[in-house]
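Sharing a structure below in structure tokens format, with a few things to ask.
Read from first to last, the chains carry the letters A, B, C and D; within each, the first residue is number 1.
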Amino acid sequence: MKKALQLLSALTTGSAAAGVLLLAGALAFVLITRGSAAISPAFLTQETREAGASGGILWQIAGTLILVATAALVALPFATALGITRAWLLPPQSRPARVLGFILQLLNAVPSILLGILGLILFTGMLGWGKSWLAGGVLLGIMIVPTAAVMLANRIESLPRGQLDAAAGLGLRRGHIIRSIILPQSAAALLSGMLLGLARAAGETAPILFVAAVFSGATIPTGIHEQPVLALPYHIFVLAQDSFQEASRTNLWGAALVLVTLVSLPALAAIPMRHKLHNAADHA
Amino acid sequence: MPDPILDIRDLTITARRRLILDRVSLQARRGQVLGIIGPSGVGKSTLLRAINRMLELQPGYRVKGEIRFHGHDIHDADVDPDTLRQRIGMIFQQPVVFPTTIAKNVLFGAARLRRLGKSERAALLDSSLREAALWHEVKDRLHDSALRLSIGQQQRLCLARALALDPEVILMDEPTSALDPKATEAIEERILAMKATRCVVLVTHNLDQARRVTDWVACLCADNGHGELRFSSFPRDGRASAMLSETSCWASSTPSSLRLFSSVSGGRRRLGRIAILSACSAG
Amino acid sequence: MIPTMKSIPALATLLIAAIPSLSVAETLRVIGSTTVNPVVAEAAEVLREEAGLTIRVDTAGGSSGGIHALGAGRSDIAMSSRPITEADRERYPSVRFDSHRAGEDALALIVSHDVWQGGVRAIDREQMQAIYERKTTNWKSLGGPDRRIAFFNKEPGRGSWEVFADWLYGKAENSPPVAHPEVGANEEARTKVAATRGAVSQLSASWVDGETIHALAITGDDGQPVEPTHEHITDGSYPLNRTLWLITDGPPQGAAKRLIDFIQSPRGHEIVKKHGYLPPM
Amino acid sequence: MHALPHGRLTWQKRRPPDAVVFTCLAAAALFLALLGFTLILWVREAWPAIRAHGGEMLTSGEWFYRHQHFGALAMIYGSAVVSLLALLLAAPVAFATAIFISEWLPHTLRPWAKAAVEFLAAIPSVIYGLLGIMFLRTWMADWLAPFDPLSGDMLLTAAVLLAVMILPTVTTFAEDSLRAVPAAQRLAARGLALNRTQTIHRIVLPQAWPGMIGAALLGLGRGLGETIAVFLIIGRLDNRLPESLLDPAPLIEPGQTLTSKLGGPETHIAMGDPLHWGAILTLGLILLVLTTLFVSLGNLLLRKNPAHP
């Protein structure tokens, strides 16, 4: 009886895992087969025409890159500061450190649509920017700060205690220790946290829906006030919801494939770093 | 006798309601090597870390009593602990080398804490490595990674790194316990050389080393569960060295010696043994 | 010394501060109804090539979205398939709404192919009210197939709903509170009705292809069904016609004036006709 | 010797503020203050609606913004049903997958399995929405044809799509809590002649169970917050409440969740009218409270095992 039970358990869990693997494979297969039909140099370098039925997705890609770059610039300083504050500046295991850690984990799970509405309150309501790329960039930046900060903090906590003591023993101030030991040795974790965050930011639609993205007519912004961008996720969102002419369907799949590739690149780049950190975390 | 650089009076340290050191008093002077000896776990390292306020970097420690540096209590509000640690250097049992070149390691503190020109930097590098007796072994590979040095060389590198800040006091926490005899001898020779211009506080549980290098020795014991100063004397003083070798507090914490100790303490035998074991394991 | 990561925020603030000084050519902002959008979008592309005007067209929020954007000063022109109402004027007292006709259009009541095949070809106001208020729920009672009625309502802010409610209840405000599955822009309405059995919704007549979706005739009080053809729009016999408006705050100037003048020019009329609408009366 | 003056006062000079530490603390405080400020602004702008319609929002299922009715019960029901159903569909598969990856899968293959799960997690929600429209909508319409659904867009379609979307989240955190059980315990169990299945059931699961519940709650939190994919395929029909709690009828009807309303057209036009805008913001607050509740509960449960930071 024991043998049969073992086989049954292995089979059920195995088939579930196989199912998940199959699902991932199927999604990739669908995206690649349907999307590659539209992919061509022209598709990536021309602007959209006839509401998505023809032309390329140049400005959508450019817009997404602008949003992601802005998000990185906005998020980096805050993620660094929050990570170092939680893991080192606040006494470890003290109440403030634990509370900050808890807040960061909550912020990580705030629905992105609430960020979109937060943008309406701040940028449209208070600052009266109308649709602006900067508003979108800031919101996406706010979204990825917790992810990067938590990864940085975990890495700092696993840094070798000896080096920190030795540096303090020399009379180095906390600022020196941050610059000379903590940052250099945890930069990899911060970078991979940022990359994971940026990968998610590139694919988000909800935060940019109200304050940053338009469907047509925008190219490279030349200011802040009333300067929206096109964005790949928003382009797909509008096309998916609205038009179904045969021509725009292939372009729609093409845009989807480009977005998934764009999103997977930073995530893939982060994998080698995360393995290194994972091993380091195990040995520390 | 010159007035003491370090004057510790009734120092009492507790960690989360557990007493570790009870009313320890001792003094250290320039031109002298003060030895602190005793079984492991009696609080020698904790005492050392209290002197340059490294203890407050870990949560849960409370320090009472006075530690005077040049007659000025180091816990006064206007004392900057970082500047204090520049005046009181520290060498750990396990040498800790930063993952960078030998030169950058030596100047790791000085380059950041002093405004040094290029030539001053080279001069300081030269003098520190010489004072740590490491110059000849590394002078032509200063820009190699320090991680490739032997343990003994790494410990001397740490010494050079501390000396680069020209501290008045050097605290050494069992600096040779991880080293081979040749490296140990090199360190001990450096301690005797440094004695001329600096004050050295050496924590060790190597009796011969204490006899060889210290001018004055303080023996900490864990009589009733926490570290106490049993006595302090000249190491080579006949009476003191005899007491040194046979007093139980000095003996290493092997069970046999514990039984001997508990019989002497009479009635509190059971409590004594438990307290000792817990004290030892805490170290 | 490792280049400190802390210098990046300084760089960011510098970059963001420098941007405003860069804004050069003023961009004409046009927001509003998806019904008017195809005409304005094509006109904008023409003016962009020929006159180098940078015109941005956005349809989020439909007619009301455009009017609110104009009222809040977030847009230069509002595209609307419904006229300005008293409520709009009250909400934005300081705005002098100046409406210009871009074309005429008929709002059709479209049904899916299976309903049309089933024999439903015309509908009158009472029957439509019964459907809207969920009193009639099966096409059988209208001489159609025995199938549930799937009414898709245009989402809030869309001009089509206002025109539909005005016709059904005299004034949109008098329409009863009732909930239906919502569809957004014209494209989504067309797709949903085409893909759903027993479906009916409101859509500009020019978007009806006559194969997957069909436009019902409206039976007037005299009992005569009137199809939404151009003749019936011009002679006013089809009740559900509406004007496509381009609305500005005060008389239009600069780029706004050029866009409106172009759309009201003969070349503009060609674009209007190309998209199935009628040039303004 | 380059000895500095050994005077007593040299180590007493006032110390200049540590610039780096100051910027770190200032930036951290600024970020939290910014969020706090927007939360206060949010509540302030929502307050007129809360005061006027607060009770009604939680008790009535009638949302007619044109008639100043702001009952949100139908949307709360929609969000709850879609997320719970998604979790019911996703959790068994996710737990089984996590168990397989952590207990059965040979070490060398584990990175590949994790890569597949992370690929599913990396796919943006708009792509899931697109896949939902292109495939799931028609499949659900055909599959449920006997029940004569209005169209392919319904609560059930949203639940199925959401199940796929939260699968990676639940699997990853469940696998973490399984890995948190020390390998030594597995060896000890095998040493006592327990086979792998018994080891899993007797040793690993009893310890990892709280963490896996935590993983499920995090998945639920993620599901509640999903907007774009749900918006595209839920049909967006307001005020659809079931007769009784377990009445399955609404599942095959179009519906509305908190997020599909928040991401929809009304938010665009609500800003003009304080009451309508306040009601929309209150929906946001309700969503925030629900999500925070489940996520913090999930994190607490996950933190019970050592591996989770």
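By our rule, contacts are C-beta pairs under 8 Å (C-beta built on N, C-alpha and C of every residue); 3 or more make two chains touch, one makes a residue touch a chain.
A quick note: this is a predicted structure, and the numbers were derived from the prediction, not measured.
Put simply, the chain nearest the middle, going by average C-alpha positions, is A. For the pairs A-B and A-C, the count of C-beta pairs in contact is higher at A-C. Ranking every chain by how far its Cα centroid lies from the centroid of chain A, the top place goes to B. Spacing of chain A relative to chain B, judged by their CA centroids, is 49 angstrom. Chain B and chain C have Cα centroids separated by 83 Å. Chain C has its Cα centroid 35 Å from the Cα centroid of chain A.
Separating the CA-averaged centres of chain A and chain D is a span of 16 Å.
Chain C has residues 4, 6, 9, 60, 184 in contact with two or more other chains.
Within chain D, contacts with two or more other chains are made by residues 15, 20, 23, 27, 268, 271. Taken residue by residue, chain B touches two or more other chains at 82-84, 86-87, whereas all remaining positions touch fewer.
Across the interface of their complex, chain A is touched by residues 15, 18-21, 23-28, 30-32, 34-35, 38, 41-42, 45, 92-93, 96-97, 99-101, 103-105, 111, 113, 115-120, 122-127, 129-131, 133, 164, 167, 171, 195-198, 200, 218, 221-222, 224-228, 232, 259, 262-263, 267-268, 271, 280-281, 284, 287-288, 291-292, 295-296, 299, 309 of chain D.
On chain B, the positions that touch chain A within their shared complex are 52, 54, 57, 59, 82-87, 89-90, 92, 94, 96, 98-99, 108-109, 112-113, 158, 161-162, 165. Of all the residues in chain A, the ones that touch chain B in their complex are 91-94, 162-163, 165-173, 176, 180-181, 185. Note for the complex: chain A touches chain D at residues 2, 5-6, 9-10, 12-17, 19-21, 23-25, 27-28, 30-31, 77-78, 80-82, 84-85, 89, 100-103, 105-107, 109-114, 116-118, 120-122, 124-126, 142, 145, 150, 153-154, 157, 173-176, 178-179, 199-200, 202-206, 209-210, 233, 236-237, 240-241, 252, 256, 259-260, 263-264, 267, 271, 275. Interface of chain D with chain C (complex): residues 20, 23, 27, 62-67, 69, 138, 148, 150-153, 235-240, 254, 264-266, 268-269, 271-273.
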